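In the two complexes below, chain A is the common chain; its partner is chain B in one and chain C in the other.
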Partner chain A sequence: MSLPPLFRRPSTTLIGSRRSTLDVARGRLVFVGIVFALAYILVAARVMDLTLIQGELPRLARMTSPDQGVTNEPVIAVAKLRGDVVDRNGVLLARSLKTASLYADPALITDPDQVAKDLVRVLPDLKYGDVLQKLQRKTRFIWLRRNLAPQDQYAILNLGHPGLNFQDEAHRIYPQGPLTAHMVGFTDIDGHGLGGVERSFDDLLAMGNRPLQLTLDVRLQHIARRELKAAIREFSGIGGAAVIMDVNTGEILAAVSAPDFDPHNVTQKNSDSLFNRLTLGVYEMGSTFKIFSTAALLEIKNVGMGQTFDAREPIKIGRFSITDYHGQNRVLTIPEVMMYSSNIGAAKMAEMIGTQSFKNFLKDVGLMDTVQVELQERSRPLIPNPWREITTLTASYGHGIAVTPLQTVSAVASVINGGMLVHPTLVMDGTVNDSGKTKNTKRNAVRVVSEKTSHRMRQILRLVVSDGTAKSADIAGFQVGGKTGTAEKPGGHGGYDRKRLLSSFIGVFPMNKPQYVVMVMVDEPKGTKASYGYATAGWVAAPAVGKIITAMVPVLGLVPQDIDPEKDMAAQMRPYVKDKTGKQLVSVGVE
Partner chain B sequence: MKLRLSTILSLSAAAVAGFFLFQTSQNVQDAEGHLRNIQTALSKEQDSMRVLETEWDYLNRPDRLEDLAQQHLKMKAQSPASLVNDSSDLPETGAPALPKRKPEFQIRPAVAVVPPPPQADVKVESLQTDLPMPSPVNNNAPSNDMRQQFNTLLNDLVSQEPSSGGDGQ
Partner chain C sequence: MSGHMFSRTDKTIWGRWWWTIDRPLLAALLAMMGFGIILVAAASPPVATRIGLDQYHFIIRHLIIMVPALILMIGISLLDLKNLWRLATILLGVGIVMMVVVLATGMEIKGAQRWLQLPGLSLQPSEFVKPAFAVVAAWLISKQKDNPVFPGYLIAGGVFFLVITLLLMQPDVGMTIVTFCILCTEIFLAGLSIWIVVAAGVVGAVCFVLGYFILPHMRSRIDRFLDPASGDTFQVDRALDAFRHGGLFGTGPGQGTVKLSIPDAHSDFIFAVAGEELGFVFLAILLAVLAFIILRGFNRVMDSDNVFVILATGGLLVMFGIQALVHIGSNLHMIPTKGMTLPFISYGGSSLLAISVTMGMVLALTRRQPKTSVSRGSLSSRPVMAGKL
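On to the complex of A and B.
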């Protein structure tokens, strides 16, 4: 070995038996040394493994991976908050907030009297005696107040009393209050969804990854709710519903059911207001069904507008008798049947279509099945079984078959928008993908009526508003079209109650290129002096829809168009129509 | 016993290594404490942002805005009929009265992302080594001054019109 002298081992040369003993000892020492060295290397390797390979590297990889930035991964473990629900513009409809709940440890409180006094001063809704009694209990934990507002928590911290502590809890807040109550729904105190999308998307919201975006627009929602409530109040109704829907996509821009409730404070006492009349209530919708019988007639029988129906005599079948409300007592053309809302005419139309074809048509537009919408509060329509001939006749003007208002609206949208079937939807596309559920119901190309039939229906519905029963919904510049429906509700013993009505109006605009469908329905309206005692849809629901459309214009930035009367959608229908005195309605502007 | 040079050298090397190890470990502990503070502050800031966003949307309820507009603006909604009458005077498209979407709803970063300046490398170094503690942001409640101002403002509003806010009924 030619090592430098500095590191050269000092050596003494031994000989004889001593030498062999020393060799053995040295060998043992080297062996023990190697064993220890191995042990240390093992420990060091394990330390490296635990700290670097299993500890730091995955964390670094997580932090640098693009989709999970620092903001998505709070290092301080917080309880996962339930996901937000927002409207189509990103306005919050529901959000879980961390709130502090106040509890006391009575063992640490020396002066319960003073503490109780201070607490009552900060939180005026607590009762002094109540708090004092709680603070004197022999326990180590007692809730004083759940879910404090931040400023209240601050005030209590400022008091500086020992023994008052806070625990973080999640509290569901609905900033819009009752505005979207039925659609967004509500949760119980543990954050489980019990209604609306809170219930139908419970699992998705519980994961809390990203907000659930609804198609609602709070501004339109407010307009619909305001006008619906005004109509209900004016005509002393017991409830009602209103919808604004995009006719081409089925997106629900506003959906209101009245009476509604405060989602923060749901009790079984107000179970009537929890009821969603739009999707859970089934009603005989009345004359709005004439839209479907007329469309079916045009589509299946391919008849001309001049086709007439004798409406001079009531139809008598057994003990039933079908009569007209706005009786004209003459032979009516198709546009006249719609315009004067003739039950006799509609029944004769249905007779001409035939039972099976009419049933098939109703099934095609989705009126025979449960409405497809992302809520669990849905009802099946009530369809008479067996379906008799008489049912065909009564169904043609919306009696004897009970459906949900929402599916009626979407069926009208399907007929009007050019003939493509739409399904109502409450959730924006592309937001539901975390749970693996994908929406497949939207924009599926199913044609229910031809382009031509759809165009004819637009002309007829425009005529109903410009000259017929719904003039109060005619908003200048938007060519509103629609159909009124005044149904009598079933009475106590088999028949119908003439006093208890269900007045609804379904309006579509602009008729030359439909964009929005607006529906207002008022349950059991009573006539007023201003309406000459009438509680029919033309007096109750049509003006409300008119007001809704008027208010929608500035919100959506719609541009009204000044249309020549000759180019109005109703103009081509007028030659087929006679006015109430039987005079031909040719010239426009007679009104 | 005579100390050999090799022993001295290895002992001092061990001492130096130990010193640096100790120092590094101290630095790491400092940095971790620093990181923890920042993260606490960040999460508190996020919490208060959530609260403030909720409050903002609560205060911008359509019914409340409608009440306030009626009380203060002395303006009426334009009727479509009045628009039709002289629609030739209007420009082609009317801008919506309110912005259709809230800006940047889809991506709402917790901290505004500033694009790095051209020579960012040097700056990042200096940022990481000697960053001063951020000013305390953990207070969810506003300062006394702010509260005072807000209360005065609120009292002014309330004394002018008793029914501001409310349910719009």
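On to the complex of A and C.
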């Protein structure tokens, strides 16, 4: 609109001051009017910018571009699909699929009764009453069913009811089901990782750029899970864990915790199955700890194999008394302490090492700190504080200190592989660099025992399998070595419960050049007729490890090697060992 | 109403009203009220259902309030100048008393104490104080112009400080700014030295900066405007989506989807709903009508010989215009979010009644006045409608 002239009616009849006041007022009114006109023009320009330039133009561009055609505009953004998780061979462990989720706008539904009836017919798992009640709510949005299959969506669209709408969502699928449940983990319905690598790599997976490759091998995973479950079933255990790890790199090839769960269907009901016994559970591991007391002794005191320990009398400290399970009641050499799993011998070894040195050794092999693995379900070891002299003695055979099974396995690997510290790892190198979490590529750079000590430990552990408590794990041609551990679980009264055991076996093969460490642990096994009532590790865990090794050998393409008994790793240890009757195993003295 | 209802010689109160009222301005105001009904009908049902009311709750109340609003606007437009400032003085006095009562007893809504609870209606006294203050201040200033001995500026300044003190105690920064703008406009129009006006502007700016540092909610609003990442800008983001979704012609009344997620769609963000449902074309018309009302009013008083009329009309229309600009600017994210209703369009009983009082006053001021004193002589030589464009 045009503005009027400033001085419409010049008049000389007015008193001067009044006249000029009016003139000034009119002039300034015009000024205010111009300011307002400009402000409204500015606002109109902004309206044009938003509605036309930002609103209409992109729509026109979309309509004219041939590939898109006319599309409904995404008022609510579709969630970006979460990244895949794959095993070391690229087998899919987790993937997100785009699905349609059904929601209702009750305000647009004219006949809720009919709509509810039709919906229940198409989706029989919905309840008529529930649906009807939801459709009658005074709201503009209510979920009816998340993550529909395409044919269900098609059927609902065919019903043709207004007010039933779909929103694209992502649904997480785990093709291997419960096989890798504890390691891969699971997500909530909105795609937030709640367990396993889904949780620890939540941000990376949410970016969805490229797959996260784990070190797991589903073939070995399957073998480990099958044999673990068989052992638990046979001995009526309440649970267990199994691991296959590369001795030199710490890569976890298989990791199972039992009982496990279906990651598609996680509820409060199966919260016990969600518990990861391998990394979150801490246990007094028992005799497998003798590996560390022996290695510490050899490393620190530099004693010969012939060093003896008097195991004739139980050690009594206060109200405690340390006794042997497979009691020999004689003086034992170092290999004999391991072979017969003498608690008295191990305690005397620890006494000889000294408390501080022994503690330092356990810390060096990673048994005093939280296990380092790419999961958030990790526990700190339970270490007595203060650490008394008696703790040194009990820790030498794996009591009085509780650690996670996984860190025990990696500590054994560090001692056996030539003496270089390894950390367990679940993720292949080079897959996590995008997130800024770079892996420690120099993980082999720390030496925990000398090559010589490591070699002797390999000989001793081979002897345990070839002649000692774990003969059922001896697979011909692979020089399996290892150590059994049968721990009594803490009872209710501050002592130990003889009936509730934790039986485990850590096996390493081949002993001349270690490659793999295999562990099976069964929680609270009960003896059977076949085992003559025994539920010890030699009966429970060692055969399971034997079966795992037997099955994994062809998968990995390993070739058995016929070995001259004289060249077996155990051969050099035999001169130091007498059998149960006290007879020398071999008459030939080597040294 | 058609022309032949009243003859030009009709000397009844209605006849005089019909021939002296600014009919295009009246038509524009009635059109605004009509737009308001359509938009409240479109925007309020989702809001009503969200807070658990019947979906027609706001529409029915808006229509009910429309009746007293129309009666007030037409009724006040019937008043002559003397009765107008009498009414304004009473309204200002009562309003100030009510504001004190509100501070003492009123209920707190969204962090501010502004509302007076009456049966069936909550009133915001400060809404009515603004137009009353505009008229009273204009009268005081014009009185001093006529008679320099009369301390008009001083009294107007005193009333101003009383009003803004009460406003800041609520606290209501938006209304304080509007009241400040009214006073500035009037002293500007009254011909005060340009330097005093500039000084007033500087004082206003200083107060604004002080307010930023003293009032935490004001600070957070401004921070969020300058740096959207610093806080929650959900409502204004949705508003911008609504404009984009609307495009040229909009989705059609009631068909909007983005409005569903705007919490204050029926009041502080109704312009965005208009953008989504009726599109650019309608918004352009709406802006044109708003601008027309202001400029038409200014033009109408251009040839008035009464300083009071010019000042009061200027003050009232500036208030109307700024309120609309703040609402629209907030919706378009051109200024920090300030919850202000869009005159005549937004739901809000109190604000609708107050804006009707305001525009009733403007209609009364812009009626063809019999010329006073010496200038009356020229009246006979001019047809009544000569001032029209």
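Everything that follows uses one rule, which is that the second predicted complex is superposed on the first by the 442 of 591 C-alpha atoms of A that agree within 3 Å, B and C clash if a C-alpha of one lies under 4 Å from a C-alpha of the other, contacts with A are read in each partner's own complex, and residues count from 1 in each chain.
Methods note: a contact is a pair of C-beta atoms (placed from the backbone, for glycine too) under 8 Å apart; a residue touches a chain by one contact, two chains touch by 3 or more.
Please read these numbers as outputs of a predicted model, since none were measured by experiment.
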{"item": "Partner chain(s) touched by A:G177 [first = chain B, second = chain C, both, neither]", "value": "first"}
{"item": "Partner chain(s) touched by A:F478 [first = chain B, second = chain C, both, neither]", "value": "first"}
{"item": "First (chain B), second (chain C), both or neither touched by A:T139", "value": "second"}
{"item": "Contacts of A:L29 with chain B and chain C, given as first, second, both or neither", "value": "second"}
{"item": "Which of chain B and chain C A:T21 touches, first, second, both or neither", "value": "second"}
{"item": "Touching partner for A:Q54 - first (chain B), second (chain C), both, neither", "value": "second"}
{"item": "First (chain B), second (chain C), both or neither touched by A:R46", "value": "second"}
{"item": "Which superposed partner A:R95 touches (first chain B, second chain C, both, neither)", "value": "first"}
{"item": "Residues of chain A contacting chain B in one complex and chain C in the other", "value": "75"}
{"item": "Contacting residues of chain B [partner chain A, same complex]", "value": "4-6, 39-40, 42-43, 46-48, 50-51, 53-55, 57-58, 60-63, 66, 77-81, 83-85, 87, 90, 92-98, 100-102, 105, 109-111, 140-141, 167-169"}
{"item": "Sites on chain A touched by chain C in the complex", "value": "1-4, 8-9, 11, 13-14, 18, 20-22, 24-26, 28-30, 32-33, 36-37, 39-40, 42-44, 46-48, 50-52, 54-56, 59, 73, 75, 107, 138-141"}
{"item": "Contacting residues of chain A [partner chain B, same complex]", "value": "6-7, 71, 74-76, 78, 86, 89-92, 95, 97-98, 150-151, 153-154, 173, 175-179, 218-219, 221-223, 226, 229, 475-478, 549-551, 553-562"}
{"item": "Residue ranges of chain C touching chain A (in the complex, touch as defined)", "value": "45-46, 49-50, 52, 55, 145-146, 185, 188-191, 240-241, 243-248, 257-258, 260, 275, 279-280, 283-284, 287, 290-292, 294-296, 298-299, 301-303, 305, 307, 310-311, 314, 318, 321, 325, 328-329, 332, 334, 374-375, 377-378, 389"}
